[in-house]
Structure formats: C-alpha cells, structure tokens
Amino acid sequence: MKKYLTIIIVLLLTLLLVSGCENNEAGPQQKITIAEQYGLAYAPVQLIKELKFLEEANPNLKVEWKQLSNTTSIRESMLAGEVDIAFMAIPPFLIARDKGMEWKIISGLSESPLGLMTNRGDINSLADFKTDAKIALPQPGSIQHILLSMAAEREFGEVDRFDEQLLTMSHPDAMNALLAGREVSAHFASPPYLFLESREEGIKKILSGRKAFGGDFTFIIGVSTEEFYEQQPKNYAYFLDALEKAIEFIEGQPEEAAEILADNYSLSQTEMLEYLNWPGMIYSSEVKGLDKFIDFMTAEAYLEANNYQYSELVFEKNLTGRETASEEEAVQNEE
Amino acid sequence: MKSYLELKNVNKSFETEKEKKIALKDINLEIKENEFLTILGPSGCGKSTLLKIIAGFSKTDRGQFLKEGEELIEAGLDRIMLFQDFEQLFSWQKVIDNVEFAVKAAAKNNKEKLSSAEIKEKALKYLEEVKLLDYQNYYPHQLSGGMKQRAALARTLAAEAEIMLMDEPFGSVDSQTRQELQQLLVQLWQEEERTIIFVTHDIREAVFLSQRIVLMKNEPGEVINIIENKLPYPRIRSSRDFNQLFEKLQSQL
Amino acid sequence: MKSKYKQRFFWGMILSLIWQLTAVSGIFSEMIFPGLDQILIALFESLKDGTLIKQIGFSLSVIAQGLFLATITALILSLTAYFSSYAAGLIDTLTALAHPLPGIALMPLILIWFGSGKTAILIVIIHSVLWPLVLNLSTGFNSIPDIYTLIAKNYRLNKLEFMYKILIPASLPYFISGLKIAWARSWRALISAEMLFGAINSLGGLGWYIFQKRVFFDLPGVFAGIIVIILIGIAVEDFIFEKLEAKTVKKWGMLK
C-alpha cells in the first residue's frame, strides 16, 4: 500500500507541475494567430495576408496564419488557445457561445450567394426530394444545415424533414460526388463551388440561401476570444483596422483585388473578378440576421438560451457599425 | 514366383550446395508377406530414405519399388507410416478422434460406409490394443511421450494397412518405455497378420523385434548384409543367443 | 487473472480520482476538461434515450459484417496462395502494396467509388483487416510441420479434407492472433470511418455519435462516447478472445 501511495503522490505532483507550466506561459506576447479557410467569402482575410496590413501597422507583431479545414477544428484550436481570430458562419459560433465558450463577434465579413444544387432532372423543388435522394453539406449544425431546416420548416412545417438523408462532406468531396452523379443528389454549396457547379450542364439550383433564410443574412463573421480581446487590446485594434481596410479595398478596387488574389485561389484574373462581382457576393462588416438565427435555433433546441444581450455576442469594439452597451452600462442594466 | 514386395536396383542421391551425396546405391531387397523386417544402420545410411520411397513420399532416381510385381509410386493406405515425431498426432483432436481419423480415411478409401458408432467401435478396439482406453478423451499434450507413441501406433493400426512402415518410432522415449512398446508391437504383430518394415539404429531393438535384419552402411548407403533372426518369440534380452546375435551384428556395422 | 482485474480497478479508480480533482480544481476550463460527473450524466442520458444503444448496435453490426467478410476473403486468398505458387506471388504482391496503406488514406477514392455510408465503412474495415489476416494465415499455413503433409498423402486426403482437417486447425494459433490484430485494427478504422461517413440524425455508429457531440460542442458527450469505445475494446479482448483461446489453442496445448 505504501508503494501505491508514493506513486499517487508522484502523479499528483507531476500534474501540479504540468499545470503550473501552463499558467506561466500566458505572458505578454507579440503574436497573433489567425485561422484561414478556403472560399471566396474569406477574400478580405486573404487580402490582409497578401498585402501584409498587420505587419505594416505593427512591425513587431508576429502574424501566424493557420490553415484549418473545418469550423469544428477552428473552434477547438481557439479553445486550446492556439488561434486568436477566426472566421465562420453564424450558427457554429452561436452553438459554442451557447455552450459557454468565451468568444464574441468582431465583425461581419461577407454575404454570399448559397445554393442547393442538384444533379437530378426530376427534382425541381424541395418537395421533389424522395428519401433516397442524399444531400451533401458540411456538417450538422452548419449554416447549410440550419438554412435547409429553415426552408423545411417554412414549406412543410417539418424542421427535420431531410435530416435522415443528409451526408456530411467537405465542399470539394461533395462537388466531386455531385458531378460524378453517384450517391449524392444534391449539394448545399457556397462559392467558388457554387459557381463551378452552376456552370455544369445538368446541374441546377433549386433553393438559394436567401430564399431559405427569408431575407438577407451575413454568411461569414469574424470572431475572437475574450482572452485575446482583453490581453492584447492593441493588436486587436490593429486587426480591426486591417479588416476594415481590406473590406474597403475589395469593394472599392475589385480589379486590383482580383489581381492580387487570383493566384491564391488558382483562378485567372478575369474569373476572380467575375466571382468577386457575382451578384449577391457582398463584402461588408455589417452583421445581418443574427436575431433570426438565434430565434430559429433556440426554437429548434440547437441553443438553450435566447435572451442574449447584443453585448454578450459582439465585442464592444467592433466593425459592425452598431454600438454595444459599454461594460458599466451592461452591469447597470442587470441591476 | 513373384515376391510380395521388391526393391529393384534402387538409387537415390541428394544434391547439396557442395556435393552430390549418394543416399542409396543399388538397393535390392525382397520382403515376404507378413514378415517383420528391420533395416539397421548408422545415421545417414539412407534407411529412412528407403522407407520414404517404400511409403511413396519420395521418388527413386533409378530403380523400382514393386508390390506383387506392380510398381508403386504414389503413397497409399496400404502402407501406413508411424513416425518418431510426437507432432504426428493432431494436437487439436482428442486421442479417440485421432484414431477415428484413420478409421474414416480407411473406410473412405475402401468405399465403405460406416456409421459413427461403428467408427467409434473400431477406434476403441485399437485403443484397447495399445492399452490406452482410459485416455481416449485426453488431448495429446496431456500425454507422456510413451503414451503419445501408443496413440500414434493405435492410429497407424486403425488404418488397417497390410504394411506398416516404422521410422524409429520409439527413438524419443526413455529405455524402459521403449522396451514396453517393443514388446507390445511384437505381440500385436503376432496377433494380426501384417508386414512390418521397421527402421532403427538400435541393434538390440532390431534383434528383439524382427525376423530379418537388413544391415546398411553409409556413404554411399548400401546394403552390406541381410541376416535371418531365428530366435523364438517372446525373445529374452538377457539370453545368450540374443547377445551372440547382438555381438555379431555389432561387429559387422 | 483476478489480480489483473483488481489492479485495473485500483488504477482505474486512481486515474478517475486524479481526473475529477483536476476538473474540480479549475486549472482548466470546464469547456475543455469536464468533470466525471458531467461525463457520466451525459453517458447515462444517451443510454436512457436509446440513441447510444442504437449507435453501439450499428457499430457492432458493421464491424461484425466487416470482420466476417474479411475473414472469408482472407481464408480464400491465403488458401489459394498455399496451393498455387502463381497465386502466391500475386497475393504476396497485393499484400505488400496494400498492407502499409492506412484505410483513411483511401477515403477520397472510396467516396468516389462507393459513395459514403455503410458500404464505405465496410470497405475501410475490410481493407484494414484483410491484409494482416492474409499475412498471418499464410505464415500459419506455411509453418505447419512437414509431417502433416506426409500424413495427408499417406491417408490419401484430398485438398478439401486436408484443408479443414489439418491445415486450418494446425494454423489456428496464427489465425487467432491474426483475428486479434484484425479486431484492433478494424475497431480503430471503424470509428474513424464513421466520423467521416455519417448521415445527420441517422444511424452512423459510435464514431458518428462522437462526431455529432463534437460539432455541437458537447464535450462530456464526446467523453461518454470514448468511454463506451474503451469498454467495448476491453470486453472483446478480455472476454471474447480469451474465451476463444481457452476453448481452442490453450486447451489443445498449442499455446502456452
């Protein structure tokens, strides 16, 4: 028994040591880590990277770009403290916020055309989907999943009407499957996949994101952790400026932006420009549709609470153009 | 008159990397029906190779093995081999099932249909003959070396072959057990009519068991003498005649 | 034997205690390090509403099918290789090519050729299991004592009889150890494949259960899934394989 006790003590001490180390690491740092994802909706972020807006603003700042393939892993990296700023759709942000993750919105990034594309001639509307027709989308709880549920709710009064026939696939895999005409009958696509698919013969759009949502909404938002916001306010501010500049650049000088970004997306400059100017492809820091997402997701039990204050979801310093209540005011309000 | 079994001018050599080794050179031998014959010689004299040729496991380079005048090349259930190796028993089968294996194989070969009761009855009969009835439900690994060889002997008997080929079957058991097994074998041979060709390097074993002893030498493997052993059964190891024959053989090897 | 379980129980309790103390201490956020109480509640709730049981049932049935198909195929391949040296060359080449390839690396191809869903998962399992089984079976067949082939000749067994009366039982220790490797590999492959090939709100197995908990940010749920995976792993290794060995190769003295 004595032997076991010794082992336990050693284990506990090791544990303490390890946790001690963790705490020591959080000193002042001059580094910002940004998660990037592939997709036209993220174009301003690519511009920040290409034009080195951040390095320009603060030469001492070490900027690290992390390539992550999906929203879930971005979220987990942020939780692990490896990523400070990331971009994603509103629903995955809300799901984690609802579970207690300490992060908030810093800005809108883009609105974008989204579309449910099908390769089947006999399907012309949602009502034509039989249970054997599989629909590919990124993952449960993704914006595509929520939009499809919204449409199903509006048209048939059944939120989960299509849930049994949804397949989780990354956009490139889903596009391949759609074009191959096997296994998958439809794909809820975003650009550039949406544009590529709409060029193909025999593939048509039967539902747009806007129609599913019932209005305009922001596709991609920028988010950051509260830890980063509080511990590195200056770098946070630099990033905000850089983002603003990038969005203005894309909207104001699309030709130049297309020239800079074409290589990044492996597209020709003309194609790049065509995509940036595609109707419905809007880069803006405004956040649209947040309340409607919250209401729907709460009603369908994706979220537990729906009485979020705006200040609980969006940082006080933000680009959305709306004022959030200052800290003191928020406290006063609660009292 | 044709002899029962005949080896005619049998030659066999093996090629190793360095040299060609002549295992058997011009072997000529006749064996009578129901004879108990031992082939005696030092290791490497080709006696096991000779047995393998008789069994049909191995082919001659030149020469023939004939049974009643007809050449035999393939192995068959008329010549069943008992090996020295304990592994010859199937470790995944109980003793009784090991013996039944031979009963079934023989029945199939003779195109006989036996019921499972008949198969079992036969197997039990041979187990009784080797005095292993009490161990029928044991697995081979639970038996001593001597008992394993008894079980293997029972299986060999159960094939009911006219000819039994024995390749130093008692070489790996202790001398006490070996003598018991030798006695048992002689007794069984006297009770049932079979031809036994028994390979050994143990002179006393040869003297105790057989009616005729074929003496072989090595490099090249050749027959040097064939000696009749007329000592009456049951043979007594301590008798004067026994020891005289022993000495005679020893001097020739 | 008993002491093994005692030890495991003892250390299991110690590790749980350390886990719980760490969770309670607040060194890590609850978001990344949930307490055992939360994990057990999540486990209990998933068990109660039946979702977890269904997912477990799905996973086990898929793995059973995969293992069955792979075992049959492996037996056919290794027997063919044993009896024909031409086939042996081909099968050896195939094994050398395919064995080092992780099933996950084939995912994109599998998606295009077989689509996603159960077929894809089965293919991944069969791939991950077939080659080690073929290797083990072939080694087993080739290492049976020569004496058995002589006996088969002597008693005039045909190929089929030789196969089921001698070859397969004699190489059973290799077969079982191959099955053990197969099980371990297929269980891993299954969970990772399920994470990739599931369908929302439908049966996708334990891997899919964990993936869903992950995307909905339910960490205690993720841990509940992991606990089930561990328990099933232990149960199969300790009960099924130990029983199988006790009833065969250990009883026959082929395994010390």
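So that you can tell them apart, the chains are marked A, B and C in the order they are listed, and the count of residues begins at 1 in each.
Keep in mind that, in the parts below, a residue touches a chain if its C-beta (ideal position, glycine included) is under 8 Å from a C-beta of that chain, and two chains touch if they have at least 3 such contacts.
Listed by chain with UniProt protein names: A = NitT/TauT family transport system substrate-binding protein; C = NitT/TauT family transport system permease protein.
Worth saying up front: this structure is predicted, and the values here are computed from it rather than measured.
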{"item": "Fewest hops from subunit A to subunit B - one hop per pair of touching chains", "value": "2"}
{"item": "Nearest-to-centre chain - CA centroid comparison", "value": "C"}
{"item": "Of A-C and B-C, whichever chain pair has more C-beta contact pairs", "value": "A-C"}
{"item": "Subunit A and subunit B: spacing of chain centres that average the CA atoms, whole Å", "value": "84"}
{"item": "Distance from the mean Cα position of subunit C to that of subunit A, given in whole angstrom", "value": "36"}
{"item": "Interchain centroid distance [CA atoms averaged], subunit B/subunit C, Å", "value": "48"}
{"item": "Interfacial residue positions of subunit C with respect to subunit B in the complex", "value": "145, 147, 150-151, 153-157, 165-166, 169-170, 172, 248, 251-254"}
{"item": "Touching residues on subunit C, where the partner in the complex is subunit A", "value": "10, 14, 18, 21-22, 25, 27-32, 108, 111-112, 115-117, 196-202, 211-212, 214-218"}
{"item": "Residues of subunit B that touch subunit C when the two form their complex", "value": "55-57, 75-77, 79-81, 83, 85, 87-88, 90-93, 101-102, 105, 109, 139-142, 159"}
{"item": "In the complex with subunit C, residue positions of subunit A that touch it", "value": "4, 8, 11-12, 15, 19, 22-23, 72, 75, 79-80, 92, 95-96, 98-101, 134, 139-142, 145, 160, 163-169, 173, 176-177, 180, 182-184, 302"}
